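After this come two complexes, each holding subunit A, first together with subunit B and then together with subunit C.
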Partner chain A sequence: MTTKAPTPVRRRRLAGAGVVIRRRLLVAVPVLAATSMGMFALGAASPIDPAQQYAGAAAFTTTEENLAQLRANWGVDDPLPVQYARWVGNLLRGDLGWSTSRHEPVTSVLAARAGWTLLLVGAALALVLVASVLLGTLAAYRRGGWFDRALRATAYAVQSMPVFWIGLAAIALFALTLGWLPAGGLTDLTATGTAPADVARHLVLPVTVLAISQAPWFVLFVRDAVAESLRDDHVLAARARGLPGRTVLFGHALRTALLPFLTLVGTHLPELVGGAVLVETVFSLPGLGAVTVQAALGADFPLLAATTLATTVVVLTANLATDLGYAAADPRVRLDD
Partner chain B sequence: MTDLAPAPARTRPSRRPSALLRGGRPGVVLAAGVLAVAVVACLLAPLLWPLDQSAVDLVRTRLAPSPEHLAGTDDLGRDVALRSLYGLRVSLLVGAVAALVATVIGGLVGAVAGTVGGRVDRALMRVVDTIAALPHLLLGIFIVAMLRPSLGAVIASIALTHWLSTARIVRSELLSLRSRPFIDAAISGGASRARVLTRHLLPHVLPRLALATTLMVPHAVWHETALSFLGLGLPPHLASIGNMINDGQRSLLTGAWWASIVPGLALVTVTLALAALTGRWRDRLDPRVRAELQL
Partner chain C sequence: MVKPRSVRVSAVVGVALLAAVGCSSPVPSAGGTSGGGTVVVATAGEPDTLNPVLNFGPDGASLIFDGLVARDARNALTPALARELPQVSADGRTVTAKLREGVLFHDGSPLTAQDVVFTYQAVLDPKVDSTLRSDLDMLASVAAPDPATVVFTLKHPYAPFLQRLALGVVPAKAFAGQDVNKAEFNRRPIGTGPYRMTSWTPGDRLVLAANDRYWGGRPANPGVVVAFVADDNVRAQRMRAGEFDAAELPPKLAVGFDGPGGHRVQRVPTADYRGVMLPMGNPVLGDLAVRRALHAAVDRQAMVTGVLGGAGEPAFGPVPPSSEFAEASITGRPAADPAAATAILDAAGWTPGPDGIRARAGRKAAFTLMYPATDSLRKELALAVTADARKIGIAVNPQGLTWDAITPRMKTDALIMGYGTPYDPDFVSFKLFGSAFAGQGFFNPGSYRSATVDAALQAGRDNADPAARRAAYATFQRQLAADVPWVFLTYLQHTYVVRDTVVGVTPRVEPHEHDVANSLWWNVHTWTKTS
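Showing the complex of A and B:
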C-alpha cells in the first residue's frame, strides 16, 4: 500500500484486455444476431400491412393492384429468411431504412436526435454519481443516525415512484406553480437556434428528475459498501495510526468501496435508457426516446428496430468498458485467466 | 464480540407468510394495513360506490379537491379519487396476471435448464443473459408496438421482459438441490424421475416461486403504468393508473395538478407497501439476502 507500484506491474493489469475484447465480440455478435432475429420475427407477426401503412389515408382509395405492386417492389411477400437477410444486409451497408412515422431516412433521424439523448443521459449519470457518492458516504459514516435513516427511507420511497410521475410533479411545482423553470421543450418557443444557456435552463428539470429516479440504487449501494469497508482491517489500521476522520473516510473506506460501483453503473445503464425515454416524453425533448415512442405509436418498424439495436450496441459496449475499467482499477482482478 | 454471555437461542423463523407480522416493526404493520385497506377498497369499490366511473360531467370539470370530490375532478368532470380506485384495480390485476405468466415462462425455462443441464442449460442461460442485457422498457415498447396496444400485448410485453430472474432462481435452486443427499437417497431408493421431480424437488422450489411472483408484481405494475402512460398500454375503457396519469397531463398543464398526481400517489403508496411486505417475506425465506426494502 505504501510503496509505489512499479510500472511493469501496472502494464500487466490490462494485459488480457485484447483477449477479453475478442471474447466479448464473439458473444456480442450472436447476441445482436439473436436480438435482430427476434425483433424481425415480431415485426413479421405484426398485423400491420406495410403497403397500407405507406399509403396512409390514400389506402382507402388505392386499388388493390397498386398495393400489390408496392408489396412486390418491397418484396414483403418473400419468404421471411430472404427478407431478414436483405434487412441485415442493408443494415450492415449502413442503410437503416425509411422511417414511416417521420417520413425521412432512419439515419437522419438518429443523427439529428442521438446527441440530445446522450447529453440528457450523460448529465444525469454524472449528477447521480457525484450525489450518490457524497450522500452515501455521509450516511455510512453516521450509520443508523437520523441522516442515514432519512436518506434510506427517501431512497426506498423514490424506488417505487415512476419517473414520469416525478417529472409531472416537478413540472406542476417548479414550472407551473413557482415559475422558476420551463415546463418542457429544448429551447424557448421564440428561440431561433440552440443557445447553450437556453438549452441548459430547459435541461435542469429533466436531468434532475432522471437523476433522482435512478439515484436510490446508487445511494444505497455506496452507503452499504462504505459501511462495510469502514469495518475492514486497512481502515482500522488507518484509524489506529491516528489519521484524521475525513482522510480515513474518503481516502481509505470510500476508495475500496468504489470498485464494485463501476459494475453497478454498467448494469444500470439499461434502466437509465428506459428512464430517458419516459423523461423525454414528459418534457417534450427532441431526443431518441421521444422519437422511439412516436415510432411505436405508428408501428414504424425500421426506426424502432434501429433505436433498439443501437441502444443494445451501446449497452454492450458500456458493459465491456466497465469490466475493463474494473480490471484497470483493481489489481486483484486479472483479465487473462 | 468481547462479552462472554452465551448467544441467545434463536428460533427458526417460520416460513409461512402469516408469520411476517409477528414481531414485526411498526413499518411492516403499517405496510400490511395500507395494503389491506387498498385491496379491500379495490374489491368492494363496485359495491360501495356503484357510480359509473366513466360518467362524464362537463359542468364540473377540473374542480379542486373538496369534501364532495376528495381529489377533485378531471377535465371531463370525473371524480379523480374514485377513478384512481378503479384504476388501481386494473393496474394490480394486470400486474398480477402478467407476473403469473412471467413466472410460468421463467419457471419452465429454469426447470428445463436445471434438470436437463449440459448444452441445453448453457444455451438457455445464454438466451437469458442476452435478454437481460437489453433495456427492458425499450424491448417492451417494441413488443407492444408490433403486436399493437391491447390487453394481451401489454401482458406479453411484461411477461417477455420479466421472466429472466425467475428462470435464474429456479435453475440455481434445482442445481443446488440436485447435489443434496436426500435426492441421491430418493434415486437410490428407486424413485422414478417424475417422482423425484414432483415429490422431492417441487416442494422446495414452490415457496421460492411464490415469492418471486409476488416480488415481481410491483415491477409488472410499473411496466404497465409506463406503457399506458406512453399511450402504448391498455385501451381507454380499461383505464389503469398509467392511462389516468397520461389523461391528467392535459389538466396538469392548466393548473389542475391533482388529475395526474393523485392517481400516481395511490399507485406509489400501494406498490411501496407491497414491496416492503414481500421484502420482509424474502428476509424470512433467505436471511442471507438482504431486502431491497427495510422498514
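Showing the complex of A and C:
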C-alpha cells in the first residue's frame, strides 16, 4: 500500500479487505461445520423414517423387510458419526450425495432449481431496493404530508398480510379479472422451451408480490433514516449554503441514511429467501422452496444439508459484502482494526 | 451403503455453483408439438421418478409405458404387450405370456422378452430401492425361453397374479451397466406407450408428445402436458383462468365450476375407503357389542354430505360396490340408527352413568381415536365419529398425531385409516385382516383374528375358479360384518373439472393413487378437443 497512488483515499478505505476476507473465511469453516453437524443431529433425533417417506402411500402395503432393505441400501441406520464422516468425505470429493426424496443427485436438484430461486430473489431484491429508496426518500422529504401518511398506512397494512394471501389476491386480480398476466408456472404450458420473454412475463407477478411483501420494512426504514438525517448538521449546512432541494435530499441526506440501510439488507436476506419459498408455492414455480420443504418432511438429509449449507454460504457472503460496502461508503469505518 | 455417483463440484464454493447454474434452461424439445390440440391437465401429485420399477404407475395407464396387460373402462384386464391374456398352468404356479409382435420402444428398438424379464428382475433385486417387491412377494423367478415368450414361476398359486402384470415394461438396454436407482432413465424414460416424454421440469410440468408408432394406434391428439400445481386454490384459479383442459380439484372447490361457464365436474367413484380401525387389545373396543353399536351409530350419509361435499358414498365393507366380488348383503342404512345402537349396548350391560357416558363393571365406555394431524379429511371424519358416538353414550377422545406417534399405539387405540384398490379383494385385505399379519406395522394393526376370515382369504388366492373366489370373498365379507374389526365410513370420489370442449372422457373406478398415471386421463390418447 502506497500513499503515492492516484486515488489514495479510495485505496485506504478498502485497505485490509484481504485480511477481513481471510478472517471471515476462517470463521466460515467452523460455522459451516457446526451447521452441518446440527443438521445431522436433528436428523438423528427425527422420528421420521426415510424409507416410509420414500414409499409414500405404498408404505402401507410395503413389508417391514422391504423397508429395512431400503434403509440398508442407503446406510441410514449406520451410527451418526459414521454417516457424518461419509457425508463430509463425499463433500470434500465434490459429491453432495443422493437425494432420497427427489431420486436424483443433490447437485442435479440444485442445478435444476437454484437458478430460478436466485432469479426470483435477485429480481425482487433489486425491485425492493430501488422502490423503497425512492418512496422512502420522497415520504421523508414531505414528512407528515398526504403521501407520507398514505405510504406509512399502506406499509403497515402490507406488513400484516401473509405473502401467500397477497399472491392469491394478485392472481385473482391480474390473472383472472383483468387477464393481463399468467396465473402461475414458469412458461406457457404448451411452450417447448424457456424463452426469456415468456419466463419474464410469468415472473412479473411473483417478483412483484415478493417485493411488495418485503418492502414495508425497507420503506419505513429509509423514510425514518432520511427524515432523521434531514435534521443533521451537515444537511442543514448544505441547505444554508443555498444548495437546491434535490441535491440536498439525494446528495446529502439520503447518502448518510443509506449506510445503516446496507446492514438492514444483509440481515433481511434470509427473510427474503423464506418469502420466496411461499411465493414459489403460490405461483407453482420450480424453485428450491418446494423441494426444501419436501426434503425436511421426507428426512432427506443430503438435500437438506446442501440447501442449508448453500443458504448459510449466501448469508455469510452477504454479511461480508455488507461490511465491505459499508467500509467503501463511510470513511469513518476502517477494516484494518 | 449408498455410493452415489461422484459429481465433480466443490461444495465449498456453493455460491459459485448456484451462480454458475443460474438460469440454465432445459434443452428445447426437438419435434415437440405445441398448441393445437395438445391436452393440458393439472394435478397435485407429482411422481418422484418416471421409472415403473421404482413405483411409477404400477397399475398401468401411465401414458409413457405399457404393461403385459392393461385395463378397460370397467377395469377388466385386456391384453397389451402380451398378445393375449397370459396363460396360467393347472397348478397355478406357472404363468406364460406371449408378446405382441412389432412393438417398438420410443427409441425405435424392438420389445423383446428380455425387456420384460429385466423389468421384473429389477423389482425383485434387493439392491433396487423398489417398494413393489412387497406386491410381488409370490414371484419366484421370471425367464425368457425365447424372444417372444415370458414365463413367470410363482412360489405358490396366486389367483390374481395377472392383475400384477399391468406394471410398465422398461427396455433392458437403457440400463446396461447402470445402477437402476440412479439411472438417467428415471428422469428421461423410454417406454412403448402412447406418449413419449419430451421434457420434465420437476415442480412445473411434464410434456409428452404422441407416439406415432404406437402399437394401439396413433393417439387422437398431438400431445399431453401434465402441469404439477401442488396448491388446491392455485390449481382452481388457474383452471378458471383457462390454462387447463382438465384438473383434479377437491370437491368443495370443484362445486364452483358446476353450471354454465364452459366446464363440467366429473365425480369419479373409487375403491378408496375411510374407516375406523378398532383394536382388539383395547378393553372397551375388545367388546363386540361396543363395536357393533358404533357401526350402527355413525351417520355415514351426513359424512358424505358434510365432510366430503357430496363426493363419496357410504361404506360398509372393504370390497367396493363396483367390484364383481362385492357381497350384496353387505349394506346398511346410510343414516345413523341410534335406537339399534343403544339397544345393543343396553343388552350387553353398558348402562348410562350420571354424565351420560355408559359404563359396565366400573369401566367407562371411552376410547381414544387417533388420526394423522395433517390429513384434514380424516380429522373431520374423526370429529364426526366422536359426535355420533357421544349420542349413544360412548366418549371418544379424538387425537391428531404424526405417524411416528400413531404407529406404536395402534395395538390399543382406534385409528382413522384408509385403503382400497378396485382390482382384486386380495390386494389389501389379505394382509389387513389376516391373523398371520396381526400387529405387524400397518398390516392388521388391531390384531383381528378370525379362522373363518383366514380360510376365506386363503381360498380367495388359492382358487383360480371365479365362482369359488366369489364364494370365498362373500364369506370373508359376511364374517367381517359380524365381527366389526373396522367401522367402515365412506368411499371417496375423486373430483375433476373438465372443459366442455374436451371429448372422450371416460371415468373409471380409481384406486387411491392417481397422478400422472391412472387418473381421469387414463385414456387421454383417445381425447380430442372441439374448438
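Everything below uses one rule, namely that the second predicted complex is superposed on the first by the 299 of 337 C-alpha atoms of A that agree within 3 Å, B and C clash if a C-alpha of one lies under 4 Å from a C-alpha of the other, contacts with A are read in each partner's own complex, and residues count from 1 in each chain.
The rule is short, and it goes like this: a contact is a pair of C-beta atoms (placed from the backbone, for glycine too) under 8 Å apart; a residue touches a chain by one contact, two chains touch by 3 or more.
Worth saying up front: this structure is predicted, and the values here are computed from it rather than measured.
J.: Per the contact definition in the header, classify A:197: touching subunit B only (first), subunit C only (second), both, or neither.
T.: So A:197 meets neither subunit B nor subunit C here.
J.: Counting only touches as set out at the top, which of subunit B and subunit C does A:94 meet: first, second, both, neither?
T.: After superposing on A, A:94 lies in contact with subunit C but is clear of subunit B.
J.: According to the stated criteria, A:73 is in contact with first (subunit B), second (subunit C), both, or neither; which is it?
T.: The answer is second: A:73 touches subunit C but not subunit B.
J.: In the superposed arrangement, does A:240 touch subunit B (first), subunit C (second), both or neither?
T.: Once the two structures are laid over each other on A, A:240 reaches no partner at all.
J.: Just checking: does A:119 make contact with subunit B only, subunit C only, both, or neither of them? Give me first, second, both or neither.
T.: Once the two structures are laid over each other on A, A:119 reaches subunit C alone.
J.: With both complexes overlaid on chain A, does A:281 touch subunit B (first), subunit C (second), both or neither?
T.: both
J.: Have a look and say if subunit B or subunit C is in touch with more residues of subunit A.
T.: C
J.: Contact-wise, after the overlay, does A:178 reach subunit B, subunit C, both or neither (first, second, both, neither)?
T.: neither
J.: Which partner chains sit in contact with A:168 here, subunit B, subunit C, both or neither? Use first/second/both/neither.
T.: both
J.: Look at A:317 in the shared chain and tell me whether it touches subunit B only, subunit C only, both, or neither; answer first, second, both or neither.
T.: Touch status of A:317: second partner only.
J.: Residues on subunit A in contact with subunit B in one complex and with subunit C in the other?
T.: The answer is residues 47-48, 168, 171-172, 176, 183, 281 of subunit A.
J.: Tell me, which parts of subunit A touch subunit C in their complex?
T.: So the residues of subunit A touching subunit C come out as 47-49, 52, 54-64, 66-67, 69-70, 73-75, 78, 86, 90-91, 93-98, 101-105, 107, 110-116, 118-119, 168, 171-172, 175-176, 179, 182-187, 189-194, 281-287, 290-291, 306, 309-310, 313-314, 317.
J.: Would you mind writing out the residues of subunit A in touch with subunit B in their complex?
T.: Going through subunit A, the ones touching subunit B are 30-31, 34-35, 39, 42-43, 45-48, 152, 156-157, 159-162, 164-165, 168-169, 171-172, 176, 183, 269-271, 273-274, 277-278, 281, 292-293, 295-297, 299-301, 304-305, 307-308, 311-312, 315-316, 319.
J.: In the complex of these two chains, what residues of subunit B are touching subunit A?
T.: 126-127, 130, 133-139, 141-148, 218, 222, 225-226, 229-232, 245, 248-249, 252-253, 255, 257, 260-261, 264, 267-268, 271-272, 275-276, 292-294
J.: Any idea which subunit C residues touch subunit A in the complex?
T.: 1-2, 4-11, 14-15, 17-19, 21-29, 32, 34-35, 38, 40, 48-49, 54-55, 126-127, 129, 131-135, 137, 181-182, 186-187, 198-199, 201-205, 207, 225, 227-231, 233-234, 237-238, 240-241, 243-244, 402-405, 419, 427-428, 431, 440-443, 512-513
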